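You will see subunit A twice below: alongside subunit B first, and alongside subunit C after that.
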Partner chain A sequence: MITVRTVERPPRDLAVQVFLLEVVKGLGVTYRHFFVNLWRHLLGLAGGRPAGSPPAAAWGGSPRGRASRPPSGRALAARGAVTVQYPEEPAVLGRRARTRHRLLKRPDGAPRCTSCLLCETVCPARCIRITAEDSPDPGIEKRARTFEIDMGLCVFCGHCVEACPVDAIRMDTGDMELPALHRREMIWDMKALMEDS
Partner chain B sequence: MSILWVLVKLGAALGFGMSWAAFLGWVERKQSAVMQDRIGANRADILGFKLIGLFHTIADPIKLLTKEDFVPANVNKTFHAAAPALALGFPLLALAAFPFGGTFTVGGWTLSLQPLGSKVGLLYVLAMLAVGIHGVVMAGYASNSCYGLMGGLRGASQMLAYEVCLATTMAGAVFLYGTLDLAEAVRWQARMLGGWLPAWGIVFQPLGFVLFLVAGAALTKRTPFDLPEGESEIVGFHVEYSGMKFGMFMMTDLIESVVVCCLAATLFLGGWHAPFLPLDGLVGAAVMVGAFTAKVALVMFLLMQVRWTLPRFRFDQLLDLGWKGVLPAGLLNFFLTAWGIYLWR
Partner chain C sequence: MARITLNGRPIETADGALMIDVAKEAGIHIPHYCYHPALGNPGNCRMCLVEVQGAPKLQPACRLKAVDGMVVRTDSPAVQAAQAGALELHLVNHPLDCPVCDQSGECGLQDYYMTIGRYKSGVAEDKRHMAKRKPIGPHVMLDQERCLWCTRCTRFLANVVKTAELGIFGRGHGQVVDLAPGKVLDNPYSGNVVDICPVGALTDRDFRYKVRAWYLESVDSVCPGCSRGCGVQVHTSTKRPWHNEGRRVARLKPRYNPEVNGHWICDEGRYSYKTLDQDRLGKVLRLRPAPAGLSAVGTELSWDAAWKEIAGRAGELMADKGAGGLAVIASGALSNEDWRSFKKLFVDSWKVVQFLFAPEPDQVGPEDSLLRRKEKVPNLKGGEALGFGTEFRSMSWDALARSIEAGRIWGLYVVDRDVAGVWGPAAAGLLGRLDFVVFQGPFKGGTGDLAHYRLPSTAYVEEEGSFTNFEGRLQRYAKALAPLGAALPDWEIFEGILARHRAGKGEAL
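Up next, the complex of A and B:
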């Protein structure tokens, strides 16, 4: 059943309309961050460690939604900032982050892929190229002969992983540094894609 | 000798503005970083020394100077090139009118630390600030781009609204000091009330000071009043600019901020006056310039924090705030001041 719920608007009385009070409040928050962080930076420069405060305290309240990203060692040491100094420090990736693809193997080392071309069809960037061959196992019938992904075109949407009926392709390598000096080198073939399986 | 001294002072005023602009680029990046729990600019280094990112004050201009200065085919070449110079030049000229210190005597010479003393110094500063907007409008017009034009027009109408407000908010102070001469205004403030309270403008004009900061911040076209630019909607009046010409527009905002801070320091914070410190001789000269710079830095610190704290206004809200908020409040302040002076006399 549909009901109507009236949402109370916060009253805009004179104190709000004049802005100044709210501006001062906001400045209070940012100045607190500024001086707390400055103090921590100074302590860090002096070689000292701020007294056991977790970095979440620097955010001035509950670290909701951000705590899932553990600050790295140096950011923890600095304590005045949550910056991760990528690329000197490793990037912090979420558990479900989509990174470079890999192809899974069967126990005998052949690709699990059955060349159904579902991934090639669904791919919005059209960056997958598959050619098929007969599989010696009559229960499998088909398998990939070549399987290429052009990482230079891929948008890392993960549709290929969703589409695959036999779970032959995954995006969980944690590898997201894929630069190359030539476009040609951005194309990963089946051998390279199966390396981490 | 006196010509030479004036030239030295003018050069110093120019250096004051330019070094502030370079330094503020660093302050802006670092202050926003620290208050947002970030680290901020820390990559530029010389032989491995980073000096908390201070080398970015050198690296940024070098980068801007060496970038390609691309001039689109359809722009009006003359105006396109002249606009950044106008925008940057006039606020820099305004700096020449400020008393960076009073007068001091050394070796029989009595020297003033104000580059250009004038009976109407305040009007001169206001005029320079107002003329500076021509650069923005010209940039928008010459760009031959609707976005640039929109930015320029916004700049003009914002300028119109807040220049009036700025003048109104200062009217109380001017009435109090009875002069438009900036040096004279500081001299009025350079005394102590009851031996402990400096007679600075802010003591008599607290409302005027707050309103002045609002109008001043709006005048500098920086967030929350950065409507002439708007990366998310019209990009801004400098959409067709690149390289150092773009950099000059960025510097314009910063130097206008410096001018506004100088005005605040001069009219409301006692200018070069520093209580309980020697104000004559060479030491006195250093103290006066130091006090003035410190006050400018203090106001700048506040404006910078405001710039990184508040979200921006919508354009109609901006004009509403100016014409219906700051202007009447400024007039009220002026009226109260006049009334107070009448009763006190």
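Up next, the complex of A and C:
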């Protein structure tokens, strides 16, 4: 059940209003992180524990491939923090990261999509455009004639993947670098979407 | 008079009224497939079972007649269990391919499954496979797997249209709905079976795959296909222009009106939507008729400029040659509002005497005793109410052609009528002799190119108004879509010219 809880504003006393104390507190946080990380990196140099995160490639992560096994939260906490120099260095993706879509195929290479339009219906960005036709296979009633996703509009919410009754669309390509020189080039058609299936 | 108790509520109803109707009246929906108010109550779907106090078994509400003192429950556990059980049996062989089924979103099985479904089926056997996607006529596609054998379609075809193209063959596990040997479902009312089929067994070949039911918006309208004026719903899909091949109207469905069309409409009316967005006029043009073989050269005008020019030019010619030389071609496609402004402009102000509005020969077609009428325009009666047909007579096309040849006519104002279609190749020659030709209509066509002014008007789905059907019944229709281009309703165009005409003569508006 939804209830409403009223939260009192913290009093804006003099100490808050002159900011000085708050600035010092903030600097304290910054310095704590600095020294904790410095200590961990020094320990690492001394050959004790791992110094920083290994490069993404070491755990199979790459911007174009799927990240296979990111380190767990505890392992990260014990390491010194590292800034990833993206895009010079490849980005590290979680295993469940939602990246550019692909359309899956049937064993014979035809698109698995039945053109039910559920993904198009659920899509909050209205960036999926599908038209349907009769399938030449008498056992299959309907198939997509055209299937387009406008990556420039997509908000990568993943609703389309959830909605699909036949698991025809997935967002597991690991591809999230989709810039183009023209808006039109950001619209991926069925052929392009099936390329990595 | 019968006093019954329905779900604890005392209700008064006529003796012998069907319980399913009584409940509907009282706002209680009893699930059903086979019962249809216009097609009878075979009682074969077993979905409408209700509990009657004192009766040893549940009774089908579609066959249960109200008797004084009856106590009925539609919501007892026994009823719910029976309905869930009946639904489970309906689903034994049902493919449940809702994602690809066109009925999805407006399906009787889906709806009842959500409310009274058992969710866990006890049926472990494989489903039976039968013909899917079988075209049974020009408009209807049959999927035998999805059929519930409610027999609504066969009863409609046997009892209403009396053509009996569909039948149920076999029994039990082998039961199947199919075409009768040697028949094709192509009667003038075939589309109605799609509406009455409670599931996706019969789907519309024209609507198939075009738009999902949940994208549609619906507006109440009146079919302009003939002088019957059947009630229709205009289903539009405008938010996703890549669907439905870019057409804005996705389908027309009958709207129940016991006084006019009952539950049905004819196929001609039903599929008239397809051309609504095709070949439309969108610009107000002044045309310079081109030499034969070349297309006319046009200058785009604002409405104001066009109205001024038309009022001015017609005024000059009338002063010069007399109003008797101006002929106006119109039709019963005008709404009552259009007819009113039509009369104000042409009769009251311009004093035109030569009118042509009779539907022959281009606006007549087949008729029958069910719905279709010979005059394929909706509102001849509305014109008649203002004197068009009584006080003002319609001339014939031949007489008009003779008058033009004899030089008695100098101008022609055509309202949505295919002059080139009626006169054929002679039309260009005849219109070429005139000083002043205006064409006003929603669609491109031969006539528009031969005019000096071409004015775009709205289609009936883009305006509101009213038609008077052949029995004199006035029916309103609502606006479903925005007009295309600069199109205006006919009455607004007439009023525009009239205002400029009066201003030009210094008359008060």
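Criterion: the second predicted complex is superposed on the first by the 117 of 197 C-alpha atoms of A that agree within 3 Å, B and C clash if a C-alpha of one lies under 4 Å from a C-alpha of the other, contacts with A are read in each partner's own complex, and residues count from 1 in each chain.
The criterion applied here is as follows: contacts are C-beta pairs under 8 Å (C-beta built on N, C-alpha and C of every residue); 3 or more make two chains touch, one makes a residue touch a chain.
What you see is a predicted model; the values in this text were computed from it and never measured.
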Subunit B versus subunit C as contact partner of A:T131, first or second or both or neither: second
Partner chain in contact with A:V122 - subunit B first, subunit C second, else both or neither: neither
Subunit B versus subunit C as contact partner of A:V23, first or second or both or neither: first
First (subunit B), second (subunit C), both or neither touched by A:E141: second
First (subunit B), second (subunit C), both or neither touched by A:L38: first
Residues of subunit A at both interfaces, subunit B in one complex, subunit C in the other: none
Interfacial residue positions of subunit A with respect to subunit B in the complex: 19-20, 23, 26-27, 29-31, 33-34, 37-38, 41, 58-59, 78, 80-83, 85
Complex contact set, residues of subunit B against subunit A: 31, 33-39, 210, 305-306, 308-310, 321
Footprint of subunit A on subunit C - complex, ascending: 97, 99-100, 132-133, 209, 212, 214-215, 240, 242-243
Subunit A residues touching subunit C - in the complex, by the definition given at the top: 114-118, 120-121, 126, 129, 131-134, 138, 141-142, 146, 165-166
